[in-house]
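Input: a single structure, listed below in structure tokens.
We call the chains A, B and C, going by the order they appear; numbering starts again at 1 in every chain.
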Amino acid sequence: MRLLRAGRWITSTALLLLAGVYVRALVYTPLERMQGAAQKIFYVHVPAAIWAETAMILVGLASVFYLFLKDPRLDRFAAASAEVGTVFAAIVLTTGPIWGKPIWGTWWSWDARLTLTLFLFLLYVGYLLLRNAVTDPAERARFAAVLGICGMVLVPFIHFSVYMFRTLHPMPIVLKPSAPSLPPSMLVTWLLSLGVFTLLYVGFVIQRYALSDLREQLEAAGDGGRGTGGERGDG
Amino acid sequence: MLRAEELHHSFASVRALDGISFSVRPGQTLAIFGPNGAGKTTLLKVLAGLIRPQRGHAHVDGGRRAIGWIGHQAQLYNQLTVKENLRFWASLYDVHPPGELLARLGLEEHADRPVRALSRGLLQRVAIARALVHNPAVLLLDEPFTGLDRTAAETLGRLLAQHAAAGRATVLVTHNVEEGTGLATDVAFMRAGRFVHFAPRAGRGPQQVGEEYRNAIA
Amino acid sequence: MRLPEVVRHSWTVASKDLLIEFRSRTAIVSAAMFVILVLLVFTFARDPTAVAAVDLAPSILWVTLTFAAVLALNRAFQLELENQALDGLLLAPIGRSSIYLGKLLANLVFVGTVELIGVPLLALFFNVTVWPYAAPLALVIVLATIGFVSVGTLFSAMTVRTRVSELLLAVLVLPFMIPPLMWASRATGPLLAGRPLSDIIGWLKMLAAYDIVFVGLALLLFPATVNE
């Protein structure tokens, strides 16, 4: 319970800070010369993309440790990180087109970051679907760990594929929304935004983790009250 | 031949094994009776090496090579013939199926029939043949009498007696006290992951053991 | 000289699988039919005036093979479900790797057979010359197939007992098929245009690296999918 409350605190603080960063972005940070107002999305888009990928690596690492240590907390963390990663990936995939339309003239482009994030999103969805499809908790944790590790190992290969793909399919428009070289005030805003997203990741993961912990405790209490309880696989 | 020391194992919050220790010597047949949920299958799986216990240690002389398992599932391939199935399973143990195995189980005339074409009773006998194909020193049986027809049940009883007479060990778990008692040299009652009784049968009949079981478990 | 145990046991498992599959023939015939139908769909969906067949052929080939592979993967562990034969495999004194390698091998032969049917048909339907490049093309196909099938075999062990197992398997494995699919497709194009093997060495190296990494990873992770 305490963990849940701590998580809520962190998330609320982060959201407030995010609003603050946005005020700074919209009011105090200069307009980017060529892209105009649309470029402001960059402050959300890029940190979210960084965390979408980092969350996947963390899922993979937690999965490795889970297979060695069998600690259910690691599994709960992996699941929480995957859910939060999915949300962040979705943010990237929605802000991307919103940013892209005014600038590139098209809703979608096979820009390196968008493509990578799309892959991540598909991996996350697969991970969550697998978790959902397996009923036994120990089996679910093991299977999710296997998939999580494979996903983490795939990431470098995706980077390579996307790089190759892009060199063979040049961008439709001149501008690269990916990494403009930043004047100091923009850099500060961007770093603040990254910091806020880090806090958001932490807050969301803690909340999600605490919720699954509570749910498991509730289920265990329910089973215990019923007497012998069901035992898996016994005749 | 077979030894368990302080076995503890839990699934989620359920304690399947809560401090089980025992040993079975050659020639002994241990029958473990218990209700559903007592942990019997888990115990067998730990003995077979399928589950590593969270605490404690189980040892079978000869390892997996020496273990034969008979459970509710036949562990056979429907599309292969009886002979092909036996040959496959035997090769995993690096042996050839013993020539007289089919005869012992009355399966000779069915040797080249695909398993899916067999009646239930025949299927059960093939499953028993599969378990014995590598001449195991230890037999583990999980509710073996469930759904067996009379011929198969008699065959199984006969085989278990032969197995014990050959100086081998058997552990049989079941909730059917009547059928299991006749074969046992030692009897145990299991409830909630523990043994509440463990003693040689010493001439007690199925009726008597049944009554003691009901008193102990109730 | 006796072969190392792993090889022997893997071969036992694989040959049992292949005996079952080729005896009943349903799976292999269905897979072959599927490939033919997909090629037909591409034929009729294509605007012949838009793009030359030889340019499109690599993409069509790899899409078809990818889908066929996904369908074929589920059968590996499906076989073990009927009478819980998998438990018997786990009880036997064989390494878990032997089970995985046996299944992988059987899957590779199965998918390979489908490919042997699909590639000539592709050449036929799209009027593409394939025969002179058969050897390097076979190399690309083998490397890419190992990549798809190694991951798919691992995942199929996990999805086989879930409710919509085939669909779930496809969803899980497709992100892992896209990189090798892309590299193989990029390698096939130049080959069919008659360019030498040295032109596509880079793609072959990536495919080989992918194969080594994922077969190795699958071997490490497979026990977690079957052990309790």
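Here is the rule we go by: a residue touches a chain if its C-beta (ideal position, glycine included) is under 8 Å from a C-beta of that chain, and two chains touch if they have at least 3 such contacts.
What you see is a predicted model; the values in this text were computed from it and never measured.
Student: Quick check on the contact graph: shortest path length from chain A to chain B, in steps?
Tutor: Minimal hop count between chain A and chain B: 1.
Student: Which one of the chains is farthest from chain A, going by Cα centres?
Tutor: Relative to chain A, the chain whose C-alpha centre sits farthest away is B.
Student: Suppose each chain is reduced to the average of its Cα coordinates; what separation in Å results between chain A and chain B?
Tutor: Using C-alpha averages as centres, the distance is 49 Å.
Student: Give, as an integer number of Å, the spacing between the C-alpha centres of chain C and chain B.
Tutor: So the centre of chain B lies 40 Å away from the centre of chain C.
Student: Just the number, please: Cα centre separation of chain A and chain C in whole Å.
Tutor: For chain A versus chain C, the centre distance works out to 31 Å.
Student: Check each residue of chain C and list the ones that touch at least two other chains.
Tutor: 228
Student: Would you give the residues of chain B that are in contact with at least 2 other chains, written as numbers and ranges?
Tutor: Counting only residues that touch two or more other chains, chain B contributes 45.
Student: Which parts of chain A, given as residue numbers and ranges, touch two or more other chains?
Tutor: 138
Student: With touch defined as at the start, can you tell me which chain B residues reach chain A in the complex?
Tutor: Its residues touching chain A are 11-14, 16, 36-42, 45, 72, 142-143, 146, 173, 175, 192.
Student: Using the touch rule from the top, collect the residues of chain C that touch chain A in their complex.
Tutor: For chain C paired with chain A, touching residues are 151, 154-155, 158-159, 162-164, 168, 171-172, 174-176, 178-179, 182-183, 186, 206, 210, 213-214, 217, 221, 224-225, 228.
Student: Touching residues of chain B toward chain C in the complex: what are they?
Tutor: The contact residues of chain B facing chain C are 45, 48-51, 63-65, 67, 69, 71, 73-80, 84, 88-89, 91-93, 130.
Student: Help me check something: in the complex, which residues belonging to chain A touch chain C?
Tutor: Those residues of chain A that touch chain C are 67, 119, 122-123, 125-126, 129-130, 133-134, 138, 142-143, 145-147, 149-151, 153-154, 157-158, 160-161, 164-165, 168.
Student: Going by the contact rule at the top, pick out the chain A residues touching chain B in the complex.
Tutor: Residues 137-138, 220, 223-224, 228-235.
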